[in-house]
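The first chain written gets the first letter, and so on, giving A, B, C, D, E, F, G and H; residue counts start at 1 in each chain.
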Amino acid sequence: MQITLNGTPRQVAPNTTLAELIDEITQDRTRVAVERNRAIAPRAQWDETVVADGDEIEVVTLVGGG
Amino acid sequence: MQITLNGTPRQVAPNTTLAELIDEITQDRTRVAVERNRAIAPRAQWDETVVADGDEIEVVTLVGGG
Amino acid sequence: MQITLNGTPRQVAPNTTLAELIDEITQDRTRVAVERNRAIAPRAQWDETVVADGDEIEVVTLVGGG
Amino acid sequence: MQITLNGTPRQVAPNTTLAELIDEITQDRTRVAVERNRAIAPRAQWDETVVADGDEIEVVTLVGGG
Amino acid sequence: MADPIRIRDYSFESRLFVGSGKYRDYDEMLACWDASGAEVVTVAVRRVDLNHEKEERNLIDVIDRERYTILPNTAGCYTVEDTLRTARLSRELGLGDLLKLEVLADEETLLPNAPATVEATRQLAGEGFCVLAYTNDDPVTAKALEEAGAAAVMPLGAPIGSGLGILNPTNIKIILQRATVPIIVDAGVGTASDVALAMELGIEGVLLNTGIAKADDPVRMASAMKHACIAGREAYLAGRMPARLYASPSSPREGRFTES
Amino acid sequence: MADPIRIRDYSFESRLFVGSGKYRDYDEMLACWDASGAEVVTVAVRRVDLNHEKEERNLIDVIDRERYTILPNTAGCYTVEDTLRTARLSRELGLGDLLKLEVLADEETLLPNAPATVEATRQLAGEGFCVLAYTNDDPVTAKALEEAGAAAVMPLGAPIGSGLGILNPTNIKIILQRATVPIIVDAGVGTASDVALAMELGIEGVLLNTGIAKADDPVRMASAMKHACIAGREAYLAGRMPARLYASPSSPREGRFTES
Amino acid sequence: MADPIRIRDYSFESRLFVGSGKYRDYDEMLACWDASGAEVVTVAVRRVDLNHEKEERNLIDVIDRERYTILPNTAGCYTVEDTLRTARLSRELGLGDLLKLEVLADEETLLPNAPATVEATRQLAGEGFCVLAYTNDDPVTAKALEEAGAAAVMPLGAPIGSGLGILNPTNIKIILQRATVPIIVDAGVGTASDVALAMELGIEGVLLNTGIAKADDPVRMASAMKHACIAGREAYLAGRMPARLYASPSSPREGRFTES
Amino acid sequence: MADPIRIRDYSFESRLFVGSGKYRDYDEMLACWDASGAEVVTVAVRRVDLNHEKEERNLIDVIDRERYTILPNTAGCYTVEDTLRTARLSRELGLGDLLKLEVLADEETLLPNAPATVEATRQLAGEGFCVLAYTNDDPVTAKALEEAGAAAVMPLGAPIGSGLGILNPTNIKIILQRATVPIIVDAGVGTASDVALAMELGIEGVLLNTGIAKADDPVRMASAMKHACIAGREAYLAGRMPARLYASPSSPREGRFTES
């Protein structure tokens, strides 16, 4: 199953949850926010949200800016 | 029959044409342009256009400006 | 005997010393400096300096300035 | 006999007049003005002025300037 | 050294465009126009005064159409719709397709409403007008006007009637760097040096009204503006000397007979 | 509208005085003079070059004395004595009594030595020269020069050859308020708007050299300077409109047919 | 003399807001923040770098949330939609409702897209954000942002990263005269005097980043900016002396013993 | 980061020198001094008022000599001789060798008489005074004062009491390039940003009086001036970012998740 994560194609196992995906890429969930198909994926729903084929997921964090 | 001419109510006789109305208020037709109910009333049609009750007519000319 | 003190004519008794003159016009000698006939009259010599007829004496102090 | 002409040592024959000296260095007398030992040497006296040993002569003209 | 300003098919020797407002009378206005050397004059469109029209000498009769190209404006419009109506009426007056398009934001500042100006430009350019769009000095708006079809973009130097000059030359420079249509500074010019400074930036022309009309001696100021416009343009074309802290002698160091 | 500048018995229609230095050749110089409209041209006095004099075309031969009044300068002088010698030699050259007196302080800045300039002015005015005294923009020095007999006082706008324009218009204004002789800004002018701005202050004229000679296109810049000088003068005489924060419409509020 | 800046329910003693970009490392950034006295710091929202995230120290971990209020920006957004997405993500990051809203027009100038900024402000204010809207210095846009629900309007002094200072103080003054929300100058500030000048106009605060981060000695410049912000604010509140051409002695004329 | 100003053997942490004139009363003056952080205060020397001396509180009694170093001036002197007399009297008052030397040209402008100032400096430096010489902004005069023995040169920013700020930063820059003694700007400063701008040029300090004393709220303005002086100094030392036309993002281009 393929999704697009932060603009890059990525293979994920079926039934992967958002929470699992996020844990793969960051060690601290509180640091990131997630958008799924251009809508906010609220933190409280990550555990129950299963990633679907073709999903476009954005995982963002803070960086320096002015 | 009443129209609004340049923002002011004005009584006009039935079957008055735009051309007649314009001649009442200016001696030189070439100096003015006319709008009838917010649409241009082309000069070529003044003779055949009959003013209707409730018409909003604007007759404009040039003035100094920057 | 007449002198000019700070631009104003003033009568003084013969044998008046600078120190006596200064004490007449200020209660604190340390606040003022004195010029006699356009030369500094050093503080140390006030007691022994006798004012002469026609002397021009300037007694100055500090005031606000920028 | 040696003079200094425009800052440079120069040998001149005895009894050379200013006029002769000037003619050596310019073809048009009207273009130049002359100073001899830091005083103006008036044009009218060039013919009769004999250059002396050690004279400092300046011959100047116009140049572009702002 | 002909150096005309070109706007679409129009071409004018004089880069100074002048207004027809605020003069004591037509005679003063005509004398100023003559002194200014302008070939383009702006006018406004207004209701015929029903009480006085027959008596008055009309501005149309006064303008020598052989000599002056009329640039009607949409002054006094605060909405896109009013601007479109005014533009169409001006064309109906036989004044051609030239249009100084202005959509103002409010009567207090008389500053332009930039998005409305872009929208009106798009529509009127689509209707065949040759739109000279009056705007603020925002480089983004200037670019948007160009893309909307403006034949020329006319950023303000300062608010209308303020006489403050070119408040932000940097913005004008940024506009110029990216422009593909003529840039004309319109509004804010108070005196001759403002015009010279503006033209030295490399703009194509200057439009002004109050600076002449409200000078103590308008005719003389019109002449001043003419010369300033030429001066600024020629200085721009001539390419100025580089500036530096100091100093370089104009007279040669060589050949000095003096000692020091 | 004749409006000549008058300095003692001299009178000139053009208020722009130009230099003869830094040009590529005489032809370029003459073309610039023609384009500038100037009637007064500055020159320097230097030693005849003993090696080359006979071959060269001399500046004196080049200047049409019917058309141009020559204003010799004392450029390159750093002492009062050298200045006096130079002045006297220039008069001996048959150039009349006009003199642009300058006593410089050092070769690094080329800024004037003000007290030496006052002293040289006093002496040369006493010898009958019509002294136009080049100086800094200090109002006290300007007044002292006037009292020393200067026929005109010429404060700098900026250091010679810097092209920085009028660095301190406030000082020029103070000088003007107290002056009884003509004030001419000399030096520092880099481009046309500098001249216009200077003239708008109310000064009587501008003297410049590098601004023209070192432009990319000197002849065109000479024309720019001519127009700028006229523009600034006429704007000064015309009396500019008052400036204000904002805003006053050039088109009438009355008679609008639109709604807003 | 407590004089906090208030934006909606927020209140800060320091009127200087600083950024977190362009520093060599977090230590330098934190030292600068400390020296600047700032209580509000801007941050950007970006994709987690899938290759490097696990190793890096994250900005969130670095910021002492007790001390600093985070103001996330929407830098890098060029459309309304992207701006909305970014704002919502920043809120999801637990950064609260504060938002520095910016919608840029193009990567070349980084100037704001004014109409898009107004539209995004309207939507995000409606979603409960406390919008500090970055914009150009057009007074009409500033008013429109206020009407769209901005909690503060942040006109630029000059283009982002230019360091040119306050290019058009007149526009800032006009904005201030009509504002009912705090006006904060954001962008363009290059050095301390720029901050002082800006604050003296009467604005409520200054936001800057490059001016500190790209100084040769950022920590010292941060301190300079802190003092300049206080200086400008206090000078504004103190009410400056009137300016005049000249002159008034600071020392008394009376009591002079000298002759003249 | 101690960064004292040093003048001969004197050293002060604060680079702001303040006056004692034009205050409502001594209490206001002392409160302003305290708020300004100044360590050096200027005073004038005047005749004892024969009618009122005994009653008045004298300025000498008011000044805490442990805290403040007194800098007596020669204000009101228009000749070299009067200046010498005043200086000697001030030393006789036990105020030490520090002297703010000023020789003014006239009561109308209060501008300095430059040659007389040079002459008085030469004499008083020879008598052992530590001369801080107030002068105009002419770089040639500044150099001459240094050569005459001035311990510091204090060019004006603008005429005394005018509040016009630093009228000619270019001249101050030229003075700085050539100076070997401290340069302190004295006079003309009207508000905090003037001080910041002046200090950013690289001068060593600022002396002011009217800018504080004639503000609406002098104590607050004194604080503003203190911060501005620190701000300008630190910005100078920090080395400002380079200015450029536009534009450089403070937030990174990388990692944007948005489309455009």
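The working rule: a contact is a pair of C-beta atoms (placed from the backbone, for glycine too) under 8 Å apart; a residue touches a chain by one contact, two chains touch by 3 or more.
Fair warning: this is a prediction, and the values are worked out from it, not measured in the lab.
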| item | value |
| --- | --- |
| Count of contact steps on the shortest path from chain A to chain F | 2 |
| Common touching chains of chain G and chain F | E, H |
| Far-end chain from chain G, centres as C-alpha averages | D |
| Between E-G and C-H, the pair joined by more C-beta contacts | C-H |
| Distance between the centres, which are taken as Cα means, of chain E and chain B, whole angstrom | 33 |
| Distance from chain G to chain D - Cα centre to Cα centre, in angstrom | 74 |
| Distance between the centres, which are taken as Cα means, of chain B and chain A, whole angstrom | 67 |
| Distance from the mean Cα position of chain H to that of chain A, given in whole angstrom | 62 |
| Set of chain A residues in contact with two or more other chains | 6-7, 35, 58, 60, 63-66 |
| Overlap residues in chain E, where contacts from two or more other chains coincide | 19, 21-22, 44, 46-47, 73, 75, 85, 108-109, 111, 158-160, 164, 170, 174, 209-210, 213, 245-246, 249-252, 255, 257 |
| Pairs of chains satisfying the touch condition | A-G, A-H, B-E, B-F, C-G, C-H, D-E, D-F, E-F, E-G, E-H, F-G, F-H, G-H |
| Chain F partner contacts - residues on chain H that touch it in the complex | 105-106, 108-109, 111-115, 118, 136-141, 143, 158-159, 164, 167-168, 170-171, 174, 178 |
| Sites on chain G touched by chain C in the complex | 249-252, 255, 257 |
| Residue ranges of chain A in contact with chain G within the complex | 5-8, 25-28, 30-35, 38, 40, 42-43, 58-66 |
| Footprint of chain G on chain H - complex, ascending | 1, 19, 21-22, 42, 44, 46-47, 49, 73, 75-79, 82, 85-86, 107-111, 158-165, 190-193, 195-197, 200, 209-211, 213-218, 220-221, 223-228, 230-235, 237-260 |
| Residues of chain F that touch chain G when the two form their complex | 170, 173-174, 245-246 |
